[in-house]
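The same subunit A turns up in both complexes below, where it pairs with subunit B and then with subunit C.
Up next is the complex of A and B:
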């Protein structure tokens, strides 16, 4: 049993539904999408839920919902719920992503790709 | 007459008088009669008188002899009776002693784990003035009672062991399920409908786990999991909240930034969950339950207040008595047909870990349960355990402090805080217009100095892995780092690859190689352009990386 015990040691006591208070982001998904840019409008308060505070700290400069989700290491739906809370409190602002039509040409994308591959 | 004459000389006078007197009187009467009657009848009367005198003498002697024998017998009988009476009294006291002292003592010793033989030998040493038979019979009674008790104890113990054993198995299954669910939640985080179902399953699973923990605790074992590292109090409180049915009703207030030492984490979570369960169960469904923690002289006082019915003085006394009784040890049979495990479990845990629990009327009208965690179970050192990898510690921190984001430790692989690497800022643009992310430099020294300490605090994380992990994080934080390129300047460009990846994935489900990482990002995988997923997940466990591949 000792092997199992050791494994049990890791992880966290809290579950995701506590963070979202049971909401799954079903309603919130209409407003936010993976690439919506989020930027904070206020400073984190000590009385806030830590995840909210973390989002406000992260979003000093615009970050996409997907990125926030990755940094927080929380599933998308959880992030969406948290962001919806902040949006309702007007603590963050959501910006629509850059429209597809205005995307740069293929050459630029390839240049970026090559640049990244050389990293 | 001869025998009477041969009786002992000392006590002669009175008995002699006793038989002599009637003889003399009879002789005198005979003489008077002889002298009175006419001479003709004198011979007959004289003969009759002699015979009568002799007869009276004989009867008198016999009467005296019997009287003496009777006295002797009576004396003997009196002695015998006194003796028997003494014996009876002695036996009675012995029996009373057996019932009132010896037996309870022996049973108590047996329950403490002494052997039957030892207890019997000690009980035997108290010798009273009783017969050997009585002594033997008493020992026999004692032995049979003790053996019965011993057998009963053994039975109870094995029943408890069986309970604990089953509870442990359930716990293992529940835990595995919880891990699986967490992975599924990560995997299906993009699909709210599935995610919703998963959350509900997760919650139900946690409830089952709590029940299994309760049974284990009542069986005399420790509750399920063990934590080797300290866990922030805020996480502990949320952990407790996550294990009750009505968790949405619990209002968690900000708590001071302390951590609970590993060994006390699980018991504290469990005790709090039981108290919270009581609070939510016995208050109206629309009311909220307030959960706060404040520092006090003796440690941390965690308060649970509900807006239910106030506990009457009698009810409070009963509840506290239940807590006390549980501390003394409880029998599973005492729990009754509709077991109210909660307080019994809390009592057990309090006794084992030194929590103090009190129930008082609340200002909200309901009950205020206060659980005091002793100082020695609290640590103020920065906890290495993080709450879901969100902002350093889950506890609220002052605004403006660096925001290290901890590794989510779902799979137990990442517990290292990589402070400044994870707070990206797009602050500059390269000559070709690509935004350049700078690592946050707000408090690099603090974060840097924290890292080795953390590394030391997580001994099971080898150094190379830390390095690899840090490298991965670094690259993740600067996915669009500047490279000289001859492309035109265009703001928002850095999202292009990302968006392309998303769209590509959405349209045909098969993202092109160069764009794949962006599609991965929502799953919590760190996106790394131009690198195969296997490299990307150096710091992750193999399960995660394989699941990431499956997603593509």
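Up next is the complex of A and C:
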């Protein structure tokens, strides 16, 4: 059975509302993709919101937004709000995915094929 | 969805960290019905144990001001499993397995936008669940290949019969696979890449 297929869980929206201070993540989502790579640019501070500190600890080497969400066990929308805070304060760097044109880039596809052949 | 205090957040194992040179990530989406083997395929080729990201689906029109209703369900969590393949020191490929229903797709902003392409994973015992998925991908202009996951009791049809049944254009590749094995799952991704490559070739 696929793990994606497990039944729906009941969430805890009130707690998530507190973590994001009521922000929905809609604005932040437009700049952060599931596979935007995030790298820390500063160390966690004791005065920080714990979720922010946790992200800085996780991202000492590059991690995608999806991985951060998975390790924090927080929904993507909440994760993007937290990351937007850190980006605004320049505490993390975002390495955005390649903007895809209408047609895939030839060199990129070749690189992926080459990588897959080594699997 | 229980955020633990920041000290106890368990990050990637040291062997699962990406090199600091990792600069660009691309994604491929594996779409299929419940139990068709999406996570199996992702797990077979992923260099990390598949992870799960979640999104909260808020019910529109929930009684926001109704204090008496706090114990009621006001949001639902939907999960999506994914894996990762380091292509080289700079390029990383992520594979996301998502259910076929379109209502799930909107939860993850940009799941298909910016994806290289998609794999429609099909169980030949339940072809009908794939019709909708294929139609939606075509509407969105997402290039895809169809992979038939072989189950022991799956009926085997000639490819052209399946193509007709799924109403697939002649250029869309159909491949058979065993999602449990790395080699076979890798070959599915290779079929997608070859197809994408063919799309980059200008028509003579």
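Here is the rule we use: the second predicted complex is superposed on the first by the 83 of 119 C-alpha atoms of A that agree within 3 Å, B and C clash if a C-alpha of one lies under 4 Å from a C-alpha of the other, contacts with A are read in each partner's own complex, and residues count from 1 in each chain.
By our rule, a residue touches a chain if its C-beta (ideal position, glycine included) is under 8 Å from a C-beta of that chain, and two chains touch if they have at least 3 such contacts.
These figures come from a predicted structure and were not determined experimentally.
**Q** Does subunit B (first) or subunit C (second) touch A:21, or do both, or does neither?
**A** A:21 contacts subunit B only, not subunit C.
**Q** Would you check which partner chain A:45 touches, where first means subunit B only, second means subunit C only, and both and neither mean what they say?
**A** first
**Q** Considering only touches as defined above, state whether A:35 meets subunit B (first), subunit C (second), both or neither.
**A** After superposition on chain A, A:35 lies in contact with both partners, subunit B and subunit C.
**Q** First (subunit B), second (subunit C), both or neither: which does A:108 touch?
**A** both
**Q** After the superposition on A, what does A:85 contact: first (subunit B), second (subunit C), both or neither?
**A** neither
**Q** So which bits of subunit A does subunit B touch that subunit C touches too?
**A** On subunit A, the overlap between the subunit B and subunit C contacts is residues 1, 4-5, 8-16, 19, 29, 34-35, 44, 50-51, 53-54, 57-58, 61-64, 66-67, 69-78, 97-98, 100, 103-104, 108-109, 111-117, 119.
**Q** Which part of subunit C faces subunit A closely enough to touch in the complex?
**A** Those residues of subunit C that touch subunit A are 1-6, 9-12, 17-20, 22-27, 34-40, 45, 50-56, 58, 70, 73-82, 84-88, 91-94, 96-99, 107-111, 114-117, 143, 182, 186, 189-190, 193-194, 196-197, 199-200.
**Q** Flag every residue of subunit B that touches subunit A in the complex, lowest number first.
**A** Those in contact with subunit A are residues 168, 172, 175, 178-179, 182, 185-186, 188-193, 195-196, 199-200, 202-203, 206, 224-229, 231, 234-236, 238-242, 247-248, 254, 265, 269, 385-391, 393-400, 403, 405, 407-412, 415, 422-427, 434, 475-476, 479-481, 483-488, 490, 492-493, 495-500, 502-503, 514, 518, 521-527, 529-530.
**Q** Could you pull out which subunit A residues touch subunit B in their complex?
**A** Counting only subunit A, the residues touching subunit B are 1, 4-5, 7-22, 24-26, 29, 34-35, 43-48, 50-51, 53-54, 57-58, 60-64, 66-67, 69-78, 80, 97-98, 100, 103-104, 107-109, 111-119.
**Q** Considering the complex alone, what residue numbers of subunit A touch subunit C?
**A** So the residues of subunit A in touch with subunit C come to 1-6, 8-16, 19, 29-30, 33-37, 39, 44, 50-51, 53-54, 57-58, 61-64, 66-67, 69-78, 95, 97-100, 103-106, 108-117, 119.
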